[in-house]
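Labels for the chains are A, B and C, by order of writing; each one numbers its residues from 1.
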Amino acid sequence: MSVEPGIRPGAVEATVLLDIAGASIAYGKVRAVEGASLRVGAGEIVTVIGANGAGKSTLLNATMGALPLAAGTMTFLGRDVGRLAVEERVALGLSLVPERRELFSTMSVEDNLVLGGFRVARAVARDTLAEVYDRFPRLKERRRQLAGTMSGGERQMLAMGRALMGRPKLLMLDEPSLGLAPRIVADIFRIIADLRASGVSILLVEQNARAALAAADVAHVMELGTVTLSGPAAVLARDERVIESYLGFH
Amino acid sequence: MTSPPAATHAQPLRSEAPMTARSEAALPPTTAGGPQTEDQRSIPRGRLKLPPLEPCIAIAVFAAIMAVLPLVPGVPLFAITLIGNIGLAALVALGLVLLTGVGGMTSFGQAAFCGFGAYTTAVLTTTYGWSPWATLPVALLVAGSAAVVLGLLTVRLSGHFLPLGTLAWGISLYYLFGTLDILGRHDGISGIPPFSIAGHDLTDPRTVHYLIWGLVIGAAILTMHLLDSRVGRAIRALRRGQLAGESFGIDAARMKLVVFVYAALLAGLSGWLYAHVTRTVTQTPFGINAGIEYLFMAVLGGAGQIFGAVVGAGLVTVLKEALQRVLPQVFGHGVQLEAVVFGILLVGLLQVAREGVWPHIAALWPARGRPVPPDAPALARRGASAAPSEKLLVLDGAVKKYGGLTAVNAVSFAVGRGEIVALIGPNGAGKSTTFNLITGVTRLTTGAVRFEGMDITGAPPQEIARLGIARTFQHVKLNPEMSVLENVALGAHLRGHAGVLASMLRLDRRDEARLLGEARRQIERVGLAEHMLKPAGSLALGQQRVVEIARALALDPVLLLLDEPAAGLRHKEKEALAALLRSLRAQGMSVLLVEHDMGFVMGLTDHIVVLDFGTKIAEGPPAAIKTNPQVLEAYLGGVA
Amino acid sequence: MDGTILLFLLQDGITNGAVYALLGIAIVLIFAVTRVIFIPQGELVAFGALTYALLEAGRLPGTVWLTLAFGALAFAFDLAASLSTGIDARKLTRSAGLTLALPAALLAVTYGVAGAGFGPGVHILLTLALVTPLGPYIYRVAFQPIASASILALLITAVGVHLALVGLGLVFFGAEGVRAPSLSELTLELGPLLVSGQSLVIYAVTLLAIGALWFFFERTLWGKALKATAVNRLGARLVGIRTTFAGALAFGLAALVGALSGILIAPVTTIYYDTGFLIGLKGFVAAIVGALASYPLTAVAALAVGIVEAFSSFVASDLKEVIVFMLIIPVLVWRSLTQPHVEEED
């Protein structure tokens, strides 16, 4: 079942969906990200790994428009989006599942999903809702339940489902495995792989470097606000420096 | 001087569900509401620079001008009267500057305290024939007592409930003034005697001028002294949230009450003066609109700035006078447009210049560098405790439940004397909650915490600090506008003694020198000597963490609790930090730290406790932890 | 105090309480969506009452000019924003339609209607149409530019808006008080109690308005979007809800409710340009009991405020306001204790 039928898997290498060049992001005077560049091609999973406070979430938030860009450019589908508001980026097909999920906790699961389709036509939203329920049967079972009463794994699924309701072209996931039991983490990564198979591109920020590198095509390592290493995920997974810092204790 | 909010808003995308909105008790100029706020613009430092000016010289110059003014021929009487009114308003605004700008408590009700002062003296002089001078202590006592009663209720109010509370009692008291027979109901009290000295009535504005401005300048000096002291640092620490202050032994609720009463006393003083200057008292000048005007003065002048109070009072009073003269001529009589103009100005001010006027004026002078404090005799150290047989800190079956969620589940471990123990685990494992249980920020559901053999379960943070447990925070909690030195001196709060009065009268200088000397030593110890006088907010985040360690050391702790001390540090800085912690350990200090950097933890610690989902899954020396299969599983997830 | 007086005071209290309930609900609505503690809600009530009473008296209400002026100001803000980000002709045309053409059209209609002998129905609709746009205009001018500032900055701004609106009320409506004729001349005898038709109208309209708001929030996508904005602003932005539009909508609804409350009380009491503040603050007491979050709690609290007010004006009429406002303090203390302000450390 395809959630985003617009992009043919064949065209993967050709189209650059998101292009971030030399992005710097600051809170007041303190720069949290300095000159970061990365690209996401259509149909790709790109991951950014790094320690707490390295600037990964900041980069995602700025890409979504929730933080202003101090320097650099951001292009999405060939259009400069660096100055657009969050809502306008949503309309263009960018979507973020934030680290804190940011669900409407006192509203039902179904209301959360329906609001996820706020920007799309009613009929399309109805079809998409059926697709999301197919992908996450658990959400269908719990559609009347309040979002705030769900378990961590279910909330992550709901957050992803809500994001998919907007029919995004690029889905950004901020620490989707955070605070989840290993078994659930495995489920989440299976879903991520499924989504890619159905044509959604994914930009994934993770502290769980091993899982992220296994799932992604391309990986970037961030340290202290800058991208220090980039390359195919499979190559980085064997890189001595990555292994030392992120994959094991030595 | 914009404050870089990064220090306090490290997590940018925090939802702002309104019912639980964060502490925004502080006034606009320094509260960047969130990541997208546009109020991060800095004050343009004017190109025009005047020679450096010491505040004491500035005050002397100002006092001289005020002294000469009534003597200058050609200055019209109404101007002197107007300047007198400015002085009366400045006293109230000065209190608000302290209350709102520094202490972070917004009050719309200050005018009511003027009312207490004014009505007290009006009743005593007209009904009971007291001399105006004799009523001053009573007027202040009445205003102060009212402030204690209202303050006990009000300062406990959280967030935006506090200004709403002041609005409510402001209106109530206004109606009360107009209802009581003894206060002359709506007609008020007239025929109040003027001030008089040796039989000479001070009815001439030119003579009363000296009384008013003498008091304003005196109050400004005392307030300045107060802010630049041990108590002042405690007050300034309030607006950034109470937790940091409480963790160093500051009784936040008491400090707030002190500030609240101080502001009310200044307002009461102004009311007392007002009654004898205008010689008639009615309820109108003590209503909520007047309260709003006083707040407007404080915001316009630049909340948090002592001179801003005078500037704000001057601008608003002159503007009001001008509007009352000009508008009726333009729009015809009977239409009072000044409220409209004030309202629009207030709205506009918050949109374009939330920091107020004074910072722009202050920018004309070069930033005044304070000298590094000289070496001072060391503060007394904590006496060595009788070493009981038990370990220094013992956590015994600690459980913390939030509703149905168990954040910490029966965790037990101990920190021995002179040991460095690390608490590790994936995000959300309960490490920070455990920290908060030890420091008294959060109460245990069940279980116990013992320190030096003493049960400290449920003790408040101030008490924990007194016992010698000092901490740092995962999200740095420094006051970004205060210098590194002052931030660190806050850590030594419990080791000083000077109180409010001593600080105002500058009887605290020896105590103060020793506190600052201690702060200086700790800053040098952690290697930040060159940044000592900079605002803490201007340092890199990693350095701010180290400032927090210096602040913790200034407490003279037995046990240091460090929450992710190495996050944001570069490799060399991490090595320096590790060396510092080793040398502390060599001197007998115990350390419990939460850290993600495994290289740092493995090379430094004696003992490691691993948490996962709130449960302790392993503990032991680093070598054993490295190879523990359960630990590997928890860290790498099930996907590997 | 005998039973009849008791019943009479109770009825009086409930009638006032019903109006306070509408106000309290509007205040909660605005706070939930925009975090603005909207002190001037009472002014909107006064404007509604004055507009309706003047129309009923066959005069042209100053509201037309007020709406025109605020619309022009809102357009100036849109224009300035547009100039700084690059002109978007479509957006600007839409803005001009809503902020310039709409008040102009209202002015023309009002000229035709005022004094032309239309009945209360037309006057009510026109009053609602004239006052409701003020909400979004005020939001655009005063609050949208600092939408992400602290609650406190927003509160001080609200106080500024209150000052300005009271002053403008005097300019546009003059100092004289007005009273509208009753909406219903009917009286109902319930035992010893005479219930006026006006009271019945107030009960009915309050219930209907609350029902309509419930339907809007529970059953429509836009209502859910507003609710979502209140629950989680960031989450709302992430699904593409424009928070500025949500804010304007909330202010519009609040102004509509305010105008409606004004029409309801215009026949009950004489309204002056500055009457609104005290009425609005009583809605506030209720809203605070509801923690600025709960609509049902606010409505119940509003009835309680009305009843306390009725009884205290009987027992100690001089101290009526003192009692009602001092009531907030224990409520605030209770709220502070039940919703302690936590500094999160995670």
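The rule is simple: contacts are C-beta pairs under 8 Å (C-beta built on N, C-alpha and C of every residue); 3 or more make two chains touch, one makes a residue touch a chain.
These numbers were taken from a predicted model, which means no experiment stands behind them.
Relative to chain B, the chain whose mean Cα position lies farthest away is A. Between A-C and A-B, more C-beta contact pairs are found at A-B. Each chain gets one centre point, the mean of its Cα atoms, and the points for chain B and chain C are 36 Å apart. Taking each chain's centre as the average of its CA atoms, chain A and chain B sit 40 Å apart. Residue positions of chain A with contacts to 2 or more other chains are 66, 98, 102.
Chain C has residues 231-232, 234-235 in contact with two or more other chains. Each of residues 13-15, 36 in chain B touches at least two other chains. Within the complex, the chain B residues that touch chain A are 2-7, 9-10, 12-15, 32, 35-36, 40, 426-428, 537-538, 540-541, 564, 567-568, 570, 596-599, 602, 613, 626, 633, 636-640. By the touch criterion given at the top, residues 11, 13-28, 31, 33-34, 36-39, 106, 108, 153-154, 156-161, 163-165, 167-169, 171-173, 175-176, 179, 241-243, 289, 292, 295, 299, 331, 334-347, 350-351, 354, 432, 435-436, 441, 473-475 of chain B touch chain C in their complex. For chain C in complex with chain B, the residues that touch the partner chain are 31-32, 35, 37, 141-142, 145-146, 148-153, 155-157, 159-168, 170-171, 175, 230-235, 281, 284-285, 288, 291-293, 318-319, 321-322, 325-326, 328-329, 332-333, 335-337, 339-346. The part of chain C that touches chain A in the complex is made up of residues 85, 221, 224-225, 227-228, 231-232, 234-243.
Residues 64, 66, 83, 85-87, 90-91, 95-96, 98, 102-107, 111, 114-119, 162-163, 165-166 of chain A touch chain C in their complex.
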